[in-house]
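By letter and in written order, the chains are A, B and C; residue numbering begins at 1 in each of them.
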Amino acid sequence: FACPPHRGTTTSSHYSSTNMRLKLPITCFILQIILIILFGVLVQYDEDTDAKKHHHGNHSKTKPDIENDFYYRYPSFQDVHVMIFVGFGFLMTFLQRYGFSSVGFNFLIAAFSLQWATLMQGFFHGLHEGKIHIGVESMINADFCTGSVLISFGAVLGKTSPVQLLFMAVFEVTLFAVNEYILLTHLGTRDAGGSMTIHTFGAYFGLMVTRILYRPNLDKSKHKNCSVYHSDLFAMIGTLYLWMFWPSFNSAITEHGDPQHRTAMNTYYSLAACTLSTYAMSSLTAHDGKLDMVHIQNAALAGGVAAGTAGEMMLTPFGSMIVGFLAGIISVLGYKYLTPILENKLKIQDTCGIHNLHGMPGVLGAIVGAVTASLASKEVYGEGLEKVFPEVAGGHRTASYQGGVQAISLAVTLGMALFGGLIVGFILKLPIFGAPRDTTCFEDSLYWEVRKPQSHFSYAEKKIGTSFSITVLFYKQFLWKTNISD
Amino acid sequence: FACPPHRGTTTSSHYSSTNMRLKLPITCFILQIILIILFGVLVQYDEDTDAKKHHHGNHSKTKPDIENDFYYRYPSFQDVHVMIFVGFGFLMTFLQRYGFSSVGFNFLIAAFSLQWATLMQGFFHGLHEGKIHIGVESMINADFCTGSVLISFGAVLGKTSPVQLLFMAVFEVTLFAVNEYILLTHLGTRDAGGSMTIHTFGAYFGLMVTRILYRPNLDKSKHKNCSVYHSDLFAMIGTLYLWMFWPSFNSAITEHGDPQHRTAMNTYYSLAACTLSTYAMSSLTAHDGKLDMVHIQNAALAGGVAAGTAGEMMLTPFGSMIVGFLAGIISVLGYKYLTPILENKLKIQDTCGIHNLHGMPGVLGAIVGAVTASLASKEVYGEGLEKVFPEVAGGHRTASYQGGVQAISLAVTLGMALFGGLIVGFILKLPIFGAPRDTTCFEDSLYWEVRKPQSHFSYAEKKIGTSFSITVLFYKQFLWKTNISD
Amino acid sequence: FACPPHRGTTTSSHYSSTNMRLKLPITCFILQIILIILFGVLVQYDEDTDAKKHHHGNHSKTKPDIENDFYYRYPSFQDVHVMIFVGFGFLMTFLQRYGFSSVGFNFLIAAFSLQWATLMQGFFHGLHEGKIHIGVESMINADFCTGSVLISFGAVLGKTSPVQLLFMAVFEVTLFAVNEYILLTHLGTRDAGGSMTIHTFGAYFGLMVTRILYRPNLDKSKHKNCSVYHSDLFAMIGTLYLWMFWPSFNSAITEHGDPQHRTAMNTYYSLAACTLSTYAMSSLTAHDGKLDMVHIQNAALAGGVAAGTAGEMMLTPFGSMIVGFLAGIISVLGYKYLTPILENKLKIQDTCGIHNLHGMPGVLGAIVGAVTASLASKEVYGEGLEKVFPEVAGGHRTASYQGGVQAISLAVTLGMALFGGLIVGFILKLPIFGAPRDTTCFEDSLYWEVRKPQSHFSYAEKKIGTSFSITVLFYKQFLWKTNISD
């Protein structure tokens, strides 16, 4: 059965530049083959995963290795995995005619970034006898790095081809790994949930890319840059999965024991408080008090971003709730007042408003983390200080020095993101990647076979044939003539 | 880009009473600020979560604390969390024009109830040196209490403002905590999955509230109180997540070891049997044998409710399947025959049919629990008796006494729910909460910015301009004139 | 409130044969009652689940049994459970008018198959003193068997009544258990993720059934055998959950420790590589380079199928990625070129293209497994050899003999599936099961109450009354008369 594809006025088969038939396959194949070769040369199972190296063997073969990292990290890994693919993927389906691309390109660049991040992060985390050792922690870290790429995707959503996105991912993953290496390894920064490394980096990188890719005539497709009723419901699937699993995200690679539990709990209360302030602000800033789905879908998540750095610290539920409360307020205000300014004055066309969900809350999270770190003390953390601030516990640093390092890390991240986004933006501007024209932005049918929409109405019409329409018309005419005096 | 909001005939900007611009922000802000203050004064991390108090320290810092409750409860917690936000949220999206409110108000009142329940349950569970200690178990319990509020939400769905719902949650959470305290702490009732504390309480509380809020002219909006094709599919997302994770729900706070496993397994088989009887009854009670989505979405879950009390007991898979089988039958019969009676005779307008999904199956579950408890014996439970019935194992009670306590607990719960619902119903009836008018029930656009629907048709129409419509009309006219004799 | 059901031209209340009012209830009730009786006679809790038998008792009652299988398997079980109900269920919602049946019949036959598989697999795995002992592993295995039935469902989707599907499940579960018994118990085959037992078996069984049920006039309903925009988005929910949780699926019942971790990781990298080759091939094989949702929804999952057998072996990430890469290519080519041949030449009407997602990738997985097994050695696996190839480690077999056994197992599976499908196909062809007519295939309203679709347009029309339409018409007439010269 051949379902007829929809070839409306928006198809672009005559624009050779946006035809992906060679560009996308060649890009995917080359990238994947390079990945396979590099994995063959460089990558090995880690101790927990390799059949030979695995020697915790005081347990019988049918008993679980009860101290094995994998068992304790795997459920968190799966939660993070759901956030990356369903969370980010569906959050971006809010556009009325861009659902395939939102979910589908999210899927594609995530699948690529996961592999590439394994290599890049493994390289910077250090080789073992020339090899990258991978395990459950590397899988989580790769998902984290992918999250950062998907945040940037949100800024350029609807205005970029899949080939552009893949190249953006190539560069962004690399820079992410460098920035992460500088922060976590060199500076000794604490950033378990990635307020800086993931959110601030991804947001400002993406904002700079979309600035460079500025389209003065984007209003030609502005009627498609809107949601419809069902697309907003699809987007809520993404929102809820991000919201529910954010405690797993922030705690996924914290130290086992109390830091992990504390992080999950702090994030949970930050998100809950953020949700109430988001609803309040959304209603308050509307002239008729009506809630705006854009705020609910996005700003309610800002509490998770803002708890990313300090989540593992002794922030207390009280502190977490204050942070989340403020994050929700800032985020809604950003959507309402700052996004139009960014667009009109600074020429930053931020499709998903990542500046409000990841940018400002990420910076807030970094600042909260710096302040909380500078207040750390043996009195508050006891023996647990070593798990959260090993440098401070070991006497190599004072708490306020650690706080200063945290603040510097934010500056480094912002610099890396903006400078990286600048370079990558210009690369992506090259007219070889098949970017959509201004009139065909936010439109799936440019890159996807979109079946001819068969509404219930048109379906019925087709079934019964043209005579149906005529009957309707006749009926209406008749009514018109007889009832026109009503 | 300004997406034009839809201002159809149903907007209510001229009804000052339903304008939420001040009511909702003020309510949210005051509630959240009170929560933050109370958390600051009263709440502390528990031992597993606090950096200082955490002294299981015979493990190195990178090894998991293998006996820590958190690791074993956290995956269950996340399953329950998904049920609360995605399960309940999407289950209620079945209404054609109330999807934003179903998911969105569910989200709002859940985020509030989680925090408020932490305080209320913590207070009744007992303070430690003036403080409430929170951890993974308190997070699960807060989700449970929230579930009860969301059940009640199902009864009043479409007929209440978000401010009404928040106030309902304030009172219901408090009463829930009191009832739970009486049952679990004072009476020594066993109710791990909450057939009584969660489902019976939430259902009869909600039914009484909707009785008090009875709207004689609700049929003015009855054409919106229906599902459409896609809204039923969204609702199935909710159904399936509730169904799949109900074993985690019922077992989330049971004792570790065999009780937890048994509860999960009993619930699993109860649900499977319930599903088959639901399909059978749905087809049997339709005049043309066609299945009804309302039954599938709801009645197939009744087996989980009915296994809530006895799930942890030695109910056996055989017994579980009988319970689930009956629950499915009762629930479909309720939807088919009892709901219209409740509405027409008792003036109980139960939007989601919570009486059929939570009310009757909850009572069934309580009765099954009472009977199963009264049959408990050392022969059947062995050493395990202590984990399920510590009072019986300790010799303080006979099994039949425990069964009597279970039955009394049901009566107490029903009394608390009905009396509480009565009071709260009258409070919510005060004309200050911005309740919708009879004509604007079940309508998102009252409280939400709803973008102007852009169907594929109207989208094409807009693109090509008005001339398109005229061409169509001309074409139809032409056809009409030439083919009218067909 | 009575929502008027939609009685369009496609309802079939006058076709007595497809009326399910007696057939479906009787089938469900009889099957469920048989299940309850057999469970009552045959089934017992296993040691980990029974209150009495549970004697790991060196832990206090509130501490988890840290070596208990349940805790380590339960999160994987829930992931598999999600794949069965949400993954398979929503993957099949791509059809425009068959979403209720896709999700709903998936739900029904899964709920039945879970119970029946527990009995059949328990029977073949061996009775303990005349009883089947059930626990978390039996629950996972039952989900696996159910997965196989749902694969076959994909081939006959849209062309079968729920009664046919239930009878198909009765026979297929039985044959699945026999085949699994021959392979795993008699031949000592390794197939943890079920490339053979689940995917190859389910696919070729289903293909043979749909061959026997061949409908020469199926093109009468071909206009319904297509997707629409929103149905493709719903299907992506299924795809993503299958993709994300496939690592849990393949590793759910592998040995604890390194085999489980390795399986999850191999599957993860196989899927990632498969996704890139799927996108590449989908674009490459389209004349205008546009991606096809059918490929993305299905072929991107082939990497999980192909890693089903060798996933637990020392396939290495490098090998896994090659396998996934090839699986994606094969699968897209199958959809593009083989499916039309199967349909036109071999009269195999494969609605979901299960031959491309489960058939060929399953065979590929079996071959990869045979080759990888034949290369197993003490040098590579060390002490771990016993966990993966106990027969080889014990000296009872050489590695190449194990490889031969794996190859033979594929042949046995193919034979069982094709022969079983032949017999069952003829049984299902009996004109007593209420199969749909050729004109009413792929149509929910045959078996479901489908509410009258209320589009935004018709909703507005209804609200304002007929006068609205007339006003519109009048306005258009007016425009027509005044602007016709444009």
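As a convention for this text, a residue touches a chain if its C-beta (ideal position, glycine included) is under 8 Å from a C-beta of that chain, and two chains touch if they have at least 3 such contacts.
This one's a predicted model, so the numbers in the text were calculated from it and none came from an experiment.
*Asks:* If each chain is a node and each touching pair an edge, is that a line, ring, star, complete or other?
*Replies:* Contact map by chain: complete.
*Asks:* Taking shared residue numbers divided by all residue numbers at the interface, is the value for chain B and chain C over half (same) or under half (different)?
*Replies:* Counting shared over all numbers used gives less than one half: different.
*Asks:* Superposing the C-alpha atoms of chain A on chain C takes a rotation of how many degrees, nearest 5?
*Replies:* 120
*Asks:* From the C-alpha centre of chain B to that of chain C, how far is it in Å?
*Replies:* 29
*Asks:* Where in chain A do residues touch two or more of the other chains?
*Replies:* 66, 75, 229-230, 237, 453, 455-457, 477
*Asks:* Name, in rising order, each residue of chain B that touches chain C in their complex.
*Replies:* Residue list for chain B touching chain C: 8-10, 66-67, 69, 72, 75, 79, 96-97, 219, 222-223, 225-230, 232-233, 236-237, 240-241, 243-245, 248, 255-262, 264-265, 268-269, 271-273, 275-277, 279-281, 283-284, 286-293, 296, 300, 314, 316-318, 321-322, 325, 380-388, 453, 455-458, 466-467, 469-470, 473-474, 477.
*Asks:* Which residues of chain C touch chain B in their complex?
*Replies:* Touch list, chain C to chain B: 1, 3, 5, 11, 13, 19-29, 31-32, 35-36, 39-40, 43-45, 48-57, 59, 61-66, 68, 70-71, 74-75, 78, 81-82, 85-86, 89-90, 93, 99-100, 103-104, 107-108, 111-112, 114-115, 134-136, 139, 162, 229-230, 234, 237, 447-451, 453-457, 459-460, 462-464, 476-477, 479-480, 483-484, 486.
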